[in-house]
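Structures follow.
Two complexes, one shared chain (subunit A), two partners (subunit B, subunit C).
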Partner chain A sequence: MPETLKETTPDPTVEATAAPVPAAAAGKPRSLWSDAWHDLRRSPLFVVSAILIVFLLVMAVFPGLFTGADPRYADLAHHYLQKPKWGNFFQEDWFGYDIQGRSIYARVVYGARASIMVAVVVTVLVTVLGTVVGMLAGYFGGWIDTILSRVTDIFFGVPFILGAMVVLTSFAERHIWVVILALAFLGWTQIARVARGSVLTIKQADYVMAAKALGASTTRILLRHILPNAIAPVIVVATIALGGYISAEATLSFLGIGLAEPTVSWGVDISSGQEQLRNAAFVLIIPSVMVSITVLAFIMLGDAVRNALDPKLR
Partner chain B sequence: MTIIDKTADVPAPRGSNDESGPLLEVRDLHVEFHTRDGVAKAVNGVNYNVSAGETLAVLGESGSGKSVTAQAIMGILDMPPGRIPKGEILFRGQDMLKMSNEERRQIRGQKIAMIFQDALSSLNPVLSVGYQLGEMFRVHKGMSKKDAKAKAIALMDRVRIPAAKERINDYPHQFSGGMRQRIMIAMALALEPDLIIADEPTTALDVTVQAQVMDLLAELQRDFNMGLILITHDLGVVADVADKIAVMYAGRIVETAPVHEIYKRPAHPYTKGLLESIPRLDQKGQELYAIKGLPPNLLHVPSGCAFNPRCTMAQDICRTDIPALLPVTERDGTELVGRGSACHFWKETIHG
Partner chain C sequence: MGRYVIRRLLQMIPVFFGTTLLIFLMVNVMGDPVAGLCGDRQCDPATAARLRAEFGLDKPVWQQYLTYMGNVFTGNFGTAFNGQKVTELMATAFPITIRLTVVAIVFEIVIGISLGVVTGLQRGRPVDTGVLVLTLVVISVPTFVTGLLLQLLLGVKWGVISPSVSSEAPLDELILPGLVLASVSLAYVTRLTRTSIAENTRADYVRTAVAKGLPRRRVVVRHLLRNSLIPVITFIGTDVGALMGGAIVTERIFNIHGVGYQLYQGILRQNTQTVVGFVTVLVLVFLAANLIVDLLYAVLDPRIRYA
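Now for the complex of A and B:
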């Protein structure tokens, strides 16, 4: 046996027909993800939704960039239900004032943070939990799968909003983290099912058996071979679900069991806006439109990502 | 690094480590699958052995149990539904079936490696080939990323992939079928294993590339003095590469022989049928021979010799008694080394 693998110069006659350097001609090597990115950049759906989302994220992180007004400053004497001044772009009175005399524009800007933070953190939690559960159930099968799948079914059977109402009403003080954990607690099942199904397909793949035959450990197979191949549908579902969590937060706040004053969120504003619906509809409509735009942006992003990752689903 | 160095950390009895004994010995291996419809007996008492530097070709049609035997050796059989009720798989004298999962994993890749039929589906599509080759060195040998990459390039050169340096970061789908199979071979070869099992390595390739890949495999095997188990259903592939042949039918070995003898004088009607069904130039215009009937259903293997419903020579004894794999001799009784046949009428078959 030679000491090490000896280098031999490639035999030029071998497989001359096999187009030796097609990749060199095409430029960089292309992975699934770089291909997807290539597709995404050319998709109008992605460009529009990405611009919207970046805009909303900046708003959530740096609300001070958009308004100097304080969302909690109430001035009943001057501003009680004052109508919007549509011409005053990005001014304090652009969207008018609510029943407490607070700037609706300032509240919409500051409300983005709570709404988006709830949605993003819930999505991250749900994706991690759901992927872990789904991957273990799908890969190991047998009794592990039976137990995890039944637990998933039980949680899946609980109606989302009803379940959240039951959980949230049992807390006296509904801090933002309580809402986040309640939503994550009930929301992971969809991801778990998608991940399990995806892993079931991937684990049959020859490269998983090949990895096993070449001595890879179970952890390595799960993390290097199964996870990257099974994650695409999970990402798509998670992106679309993110929009759903924004509206879930708004729904729960509207029902009075989600976030509550003094937290500034779109749901809280929609909830307080409903009282004056007949004489000042704008108080309710403006935060509702923000919710709709945000949900739409994330669902569009989810669609664009799905199209890029798996063009056959289009 | 030599073979001796590599095996030093394996808990093998030193006595059985000498170069003369067989590297791998399969003894009376049985594998069955428990399905909804009953027990499918895929392997029914297979015996074979491979020494270092030797090539054993395992020949048989689909469902004959050749791949299942290989999977049992590698320990990648799906259990359940698979089960190994009986048998031993001795690697350097140690029964692998009695080892722990971790011990077996240490053998896989480092001592015994496997090459699969379809190289495209056997490579992970989301990782570059350089990563996958380098992974072998990083995981098993703890090399740094940089060293592993250099080794991966050397390996790709070794299996004659042109412009290895430029292509190291390419993904599997960017390579042609023959190139992908070379990459698979490189991966199996990475840790310089003592034994390679190639499960139909050329079936997915076209004929010209088949020959190149087989030549490469044979050359590497010579250079590294490895044992090679070549699983195939293609008699043409075997002739140039193998030292000895084991023909499988319905989970049993029906004939064993050194490679050239079997082409000259088959001692089992099944082997004879296989050889006669190869198209030949001098038979132009004649009808091509085919073995009549279908391979047996493994849930209901025929009683007696499993081949009897398709055999032209079948007698009553063939339907009742399972023939044992017996040594084959010349007409005058002199032994033919390495030859065996599991047929009641091997004398008639070989001596006509």
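Now for the complex of A and C:
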């Protein structure tokens, strides 16, 4: 989809010359980032995914805005597995009730926080760790590269969900930080590989040579010259991976080893929903749809950012 | 070529030992292997100490690892805590999971690559857009949701297939589980092939092939596809390991007693020997698949030579 959407918009180079040059940018070529932003604002893919993500983030931070119902309030007598009332928008019974008589709508709204928090924190941890490892390996080369690359290979060799399960079983109480730790522990390798590859090409650039010749310190070269120029592919991979972590949290809960009650999360609801799958499929489907929409939003955002940052792929 | 293979095999050695050590440490240091032995209750200290001595768990971890690896090289993967030999568990579990993985890979290759070629040649047309939207949806829906829903619809509601797989797991019962296992990778293969084909349609060798009057079919299959397959093969190769490890979800949904099932039981019951043994074999498969992929490059693109 991203590529096809791109083809309907005019060629970017033509567009750039035809469009009136902003007064501030006159005479000065736009930087990679402002150029990317210029493209992004015009990409329908970006607009759609950004709106979705803002909506989901607001839901995660202020669930009270969306529903007055309590996600943990169970009323067995009246609402046991009551079917959704699709017409009652934003009402407590919009999505029906689960086996314990809790409002599925309220649970879906409140579940956003745990699911999105796991994904966001894991992505931040993984990006920081992966970028540091990849940057050091790529920039210094030699034995540092050999050691760091082999360590990356070693962690890459452990199957992801399996490794996370092993980490999780060792904790008696599986609250949110344990799940975050388990996912981050094995997730950083992909970012490290991408960052290393990116740094390897950037460090040959003339401006890095110039900075070296002018006597800039290694720290300065790494932080001021290498990092800002090598980070683009890392951001793309991280955005797409964020969607993957939402999915991973749900998968671990499905396997009965991720977040658990009383935490309210989409994964927890999906795993409890599978027991009633044959008589009340909506209990499982509704939180699954939320997970899918969120993953989709982040994948689309990643695609849009990649298209904007890397004109070669058009 | 021979020297290249030897060099690659030597590079694998540290990764193999590193990964197995990592798993060994994760299972031993983080978990308490004896904890799972007394059922849901806590073991009383005397029993725990006796069990530790019996399984050699009272020795330092590095010594345990060395003993374990020494045994592995003589083909002894140890005994699961229930007394069954881990090699026996492997002998029943691996054939099933290998069959499942083969079904998944066949789906990836046949459906993924064909869809990729079709969309890559028709960029921007409705077929292309439709397939791309479909791949995005498949990637976004978690595998276990796809699996549970397909099982519910095809197996329970419409009765097209049997909802769970029998213990022998014959090939025909593995078709739906294989498709579910392959689904996400299938979508990636489609997208990768499409991008690669679309990039190469403008290549000089394609124009030459068309100009010298070759039939379109031959141009696409022999010239375009062959040159576009390298990134796809790389993906499928690394995916073999991921599929076998990821089968844990699919095997649980369809009640298949393969590697994923044994690992799941092993992890939950903190059965060190089973988990480390199975993961060791999975790591070997993963490394071997990567090596084979590297060697396939030269077959696909004769310009690549290994000195």
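Keep this in mind: the second predicted complex is superposed on the first by the 284 of 314 C-alpha atoms of A that agree within 3 Å, B and C clash if a C-alpha of one lies under 4 Å from a C-alpha of the other, contacts with A are read in each partner's own complex, and residues count from 1 in each chain.
Basically, contacts are C-beta pairs under 8 Å (C-beta built on N, C-alpha and C of every residue); 3 or more make two chains touch, one makes a residue touch a chain.
In this text, all values refer to a predicted model and were calculated from it rather than measured experimentally.
Visitor: Quick one: is A:F155 in contact with subunit B, with subunit C, with both, or with neither? Answer first, second, both or neither.
Guide: Only subunit C; A:F155 stays clear of subunit B.
Visitor: Thinking of the overlay built on chain A, is A:P228 touched by subunit B (first), by subunit C (second), by both, or by neither?
Guide: A:P228 contacts subunit B only, not subunit C.
Visitor: Is A:G215 in contact with subunit B, with subunit C, with both, or with neither (first, second, both, neither)?
Guide: First partner only.
Visitor: Would you tell me the residues on subunit A in contact with subunit B in one complex that are also in contact with subunit C in the other?
Guide: Common to the two interfaces on subunit A: residues 1, 3-4, 7-8.
Visitor: Quick check: in the complex, which residue numbers of subunit B touch subunit A?
Guide: By the definition above, subunit B touches subunit A via 1-3, 74, 76, 105-110, 113-114, 116, 118, 121-128, 135-136, 139-140, 151, 154-155, 157-158, 160-164, 166-167, 169-171, 174, 176, 178-179, 184, 187-190, 192, 209, 212, 223-225.
Visitor: Mind pulling up the subunit A residues that touch subunit C in the complex?
Guide: Spelled out, the residues of subunit A in touch with subunit C are 1, 3-4, 7-8, 150-151, 153-155, 157-163, 165-167, 169-170, 243, 247, 250-251, 254-255, 257, 270, 274, 277-278, 281, 284-285, 288, 291-293, 295-296, 299-300, 313.
Visitor: Quick check: in the complex, which residue numbers of subunit C touch subunit A?
Guide: 14-15, 18-19, 22-23, 26-27, 30-32, 123-124, 128-129, 132-133, 136-137, 139-145, 148-149, 152, 156, 195, 198, 241-242, 244-246, 248-249, 252, 263-264, 267-268, 270, 275, 279, 282-283, 286-287
Visitor: Help me check something: in the complex, which residues belonging to subunit A touch subunit B?
Guide: Against subunit B, subunit A makes touches at 1-12, 14-15, 18-24, 29-33, 205-207, 209-217, 220, 224-225, 228-229.
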